[in-house]
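Before anything else, here is the set of structures, which you'll find just below.
Both of the next two complexes hold chain A, though its partner changes from chain B to chain C.
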Partner chain A sequence: MKVAITSTGNSPDSMIDSRFGRCSYFVIYDTENQSTEYIPNPNRDSIEGAGPASVELVASKGVTKVISGEFGAKVKSIFDQLQVQLIMINSQDKSISDIIQLLNNQH
Partner chain B sequence: MKIAVASGKGGTGKTLISTNLFRTLELEKAELSLVDCDAEEPNVSQFITGNLKGVNPVMSNIPEIDEERCSFCGRCHEYCNYHAIVFLPTAGYTKVISELCHDCGACIIACPDNAIKLNERQLGLITSFDSNDHSEIIEGCISVGVYSPVPVIKEAIKSAIKETVILDSPPGISCPFVATTTRADYIILVTEPTPFGLNDLKLAAETLTRLNKKFGVIVNRAGLGNREVYQWFEENKIPLLLEIPFDREIARTYSQGKLITDELPGYRKAFSGLINKIISLNTL
Partner chain C sequence: MPRPKRIRKVTNPPHFKGFKPMGILPDKPPVVLNYEEYEAIRLNDFELKGHVEAAMIMEVSRPTYTRIYESARRKVAMAFVNGQAIVFEGGKVYFDSEWYRCNNCGCFFNHPQKDQEVTHCALCHSTDIRIFSDKEEEKQIEDIYICPCCGQEKIHDENNPCNEELCPDCNCKMIRKGILSNKRPIETKI
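Up next is the complex of A and B:
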């Protein structure tokens, strides 16, 4: 299963980015082979439509779960239609490696 | 001639100026329209109304993609400059996000499959009142959930046909401000003599300079704050059109939905002088 996590930087020590559409990086984590890919978010400084464009980016990677601080209304409805699960993490002091660990413990 | 009353900062007194300027000119028998361009929260009609003349909807066309006909070529997605089309060929998913659509029509031209049809959506209403036989009020108001007031602002201004038109601008310096001020011949910027007032006035002045627009400034609540805003006028040769004092009576009159040119002595003359000043500055 592939999971997208919004990140403030491009390393496992980076903190989760609380914004979805305008986060700094997307981390695509594959729970099968435990690989990670860091993608700089090209929509970060979009004037408008950052959310839907970011949905397109992560959905094209085949993720079935997305972890971020919050999701806007437009984004939620598209993810719902694509049957992608959204997980909101409120605390901003979780690093990418913390979240990956939580995902691994789950399975 | 079209005069926009605008400001960077909100709450500086745009509506105070535009409604009182309107009343003054109306009493001088000018053929006059006052357009409330603050379509996200119009309030001119709380001060001046009249006989309802008409209510007209502003419509827009929102594309809808028929997934049965769509061959998932992606051309509509490529043509759309506003990220309004989500296109995921692997998931067999393509949809229009209506809130982001600017009704430009590019996707219709792009589609080779004839898979896009248009649905009408109401963006807002233009309401007009006759204040008397030679002056009118036009109010633009967007529908709840509409993303941008710009199309409604454009339509509201277009429907004002009198010789002199006053545009009560939305606050800020983003698209709604630009949509209003680009359609004006002269802009009155309203500020207050405070650091916040000056900061946002500078931003508005910079924007108007780039738009190549003539403008002057009214200082409202004069006597508050400091002298910095006046120094800035001098340094940049910006005309000071009028000062309105910081006065409890003005606040009282305004909060009752009344006009200071009707209720308090001296203001009608001040506003009458204002228009002459603008005409002489504008023809220079």
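Up next is the complex of A and C:
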């Protein structure tokens, strides 16, 4: 299962980005082989339509969960149609490695 | 110019595109059933909710809901009798799913796979979760009082009338937190 996390930087120590559409990086984490991939967000500075464009990018990677601080109204409805689960984290002091650790807590 | 249509909430959109009649050639144009009409039939005839309750779920008025439902039944009847296909398409809707809150890690998550039961948090796998609603959040704000002068916050005590609540530091009358933005601080003479 693949999980996308919005990140402010391209290392495991960087913090979660509270915005979805205009975050700096997307981290694609694969829970099966524990691999991470950092993708710089091309929609970071776009004026309009950053959310749907980012959804397209994330969905093309085949993720089933997306973790961010907040999601816009357009983004929510597209993800709902794509059957992708959204997770909102309010605190901004969580790093990417913290979140990956939380995800691995199961079993 | 007519008033714009209120946007309808669809909690459970269909996961297929439509229906087609068996045994005849599809020579007639299909009937287009809007998502809101599908949702109206689902709420009333499948979940057996009353019009008032269903209207509240779709966030429209009761007469509007009844109109959507009426139109939906007519379209379904037309498709049945004429042997037309039905396609689900369009409508002034937005899709929404329920949100859950985890008491362990404090995150919020939704659940798009509606046929599966929600048992644990999507992030930390804790089983300490509950359904989150906006009303709950509003209530929390109402219960907090804030001093307009020094900004000190206090949780409302049920036994004390709220208009007599005084700030322990500067003796100001305290006000509800949610309405602070549209009220200027009231200075009291000491």
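Quick note on the criterion: the second predicted complex is superposed on the first by the 106 of 107 C-alpha atoms of A that agree within 3 Å, B and C clash if a C-alpha of one lies under 4 Å from a C-alpha of the other, contacts with A are read in each partner's own complex, and residues count from 1 in each chain.
Following the convention adopted for this analysis, a residue touches a chain if its C-beta (ideal position, glycine included) is under 8 Å from a C-beta of that chain, and two chains touch if they have at least 3 such contacts.
Note that the structure is a prediction, hence the values are computed from the model and not measured.
Participant: Here chain A is shared; do chain B and chain C fit on it together or clash?
Facilitator: With chain A aligned, chain B clears chain C, so fit.
Participant: Looking at A:52 after the superposition, I want to know if it touches chain B, chain C, both of them or none. Which is it: first, second, both, neither?
Facilitator: In the superposition, A:52 contacts chain B only.
Participant: Give one of first, second, both or neither to describe whether A:81 is in contact with chain B, with chain C, with both, or with none.
Facilitator: both
Participant: Consider the C-alpha centres of chain B and chain C from the C-alpha centre of chain A, and write down the angle between them to the nearest 10 degrees.
Facilitator: It works out to roughly 60 degrees.
Participant: Could you let me know whether more residues of chain A are touched by chain B or by chain C?
Facilitator: With both complexes superposed on chain A, more residues of chain A are touched by C.
Participant: Look at A:60 in the shared chain and tell me whether it touches chain B only, chain C only, both, or neither; answer first, second, both or neither.
Facilitator: first
Participant: Least CA distance chain B-chain C after superposition, rounded to whole Å?
Facilitator: Result, nearest C-alpha distance in the overlay: 6 Å.
Participant: Return the residues of chain A at which the contacts from chain B and from chain C coincide.
Facilitator: 81-82.
Participant: Help me check something: in the complex, which residues belonging to chain C touch chain A?
Facilitator: Against chain A, the touching part of chain C is residues 13, 94-97, 105-113, 122-125.
Participant: Spell out the residues on chain A that touch chain B in their complex, using ranges where they run on.
Facilitator: On the chain A side, the touching residues are 43, 46, 48-50, 52-53, 55-56, 59-60, 62, 74, 78, 81-82.
Participant: Along chain A, where are the residues that touch chain C in the complex?
Facilitator: Interface residues on chain A, with respect to chain C: 65, 67, 73, 76-77, 79-91, 99, 102-103, 105-106.
Participant: Spell out the residues on chain B that touch chain A in their complex, using ranges where they run on.
Facilitator: 82-84, 86-88, 90-91, 93, 95, 97, 99-100
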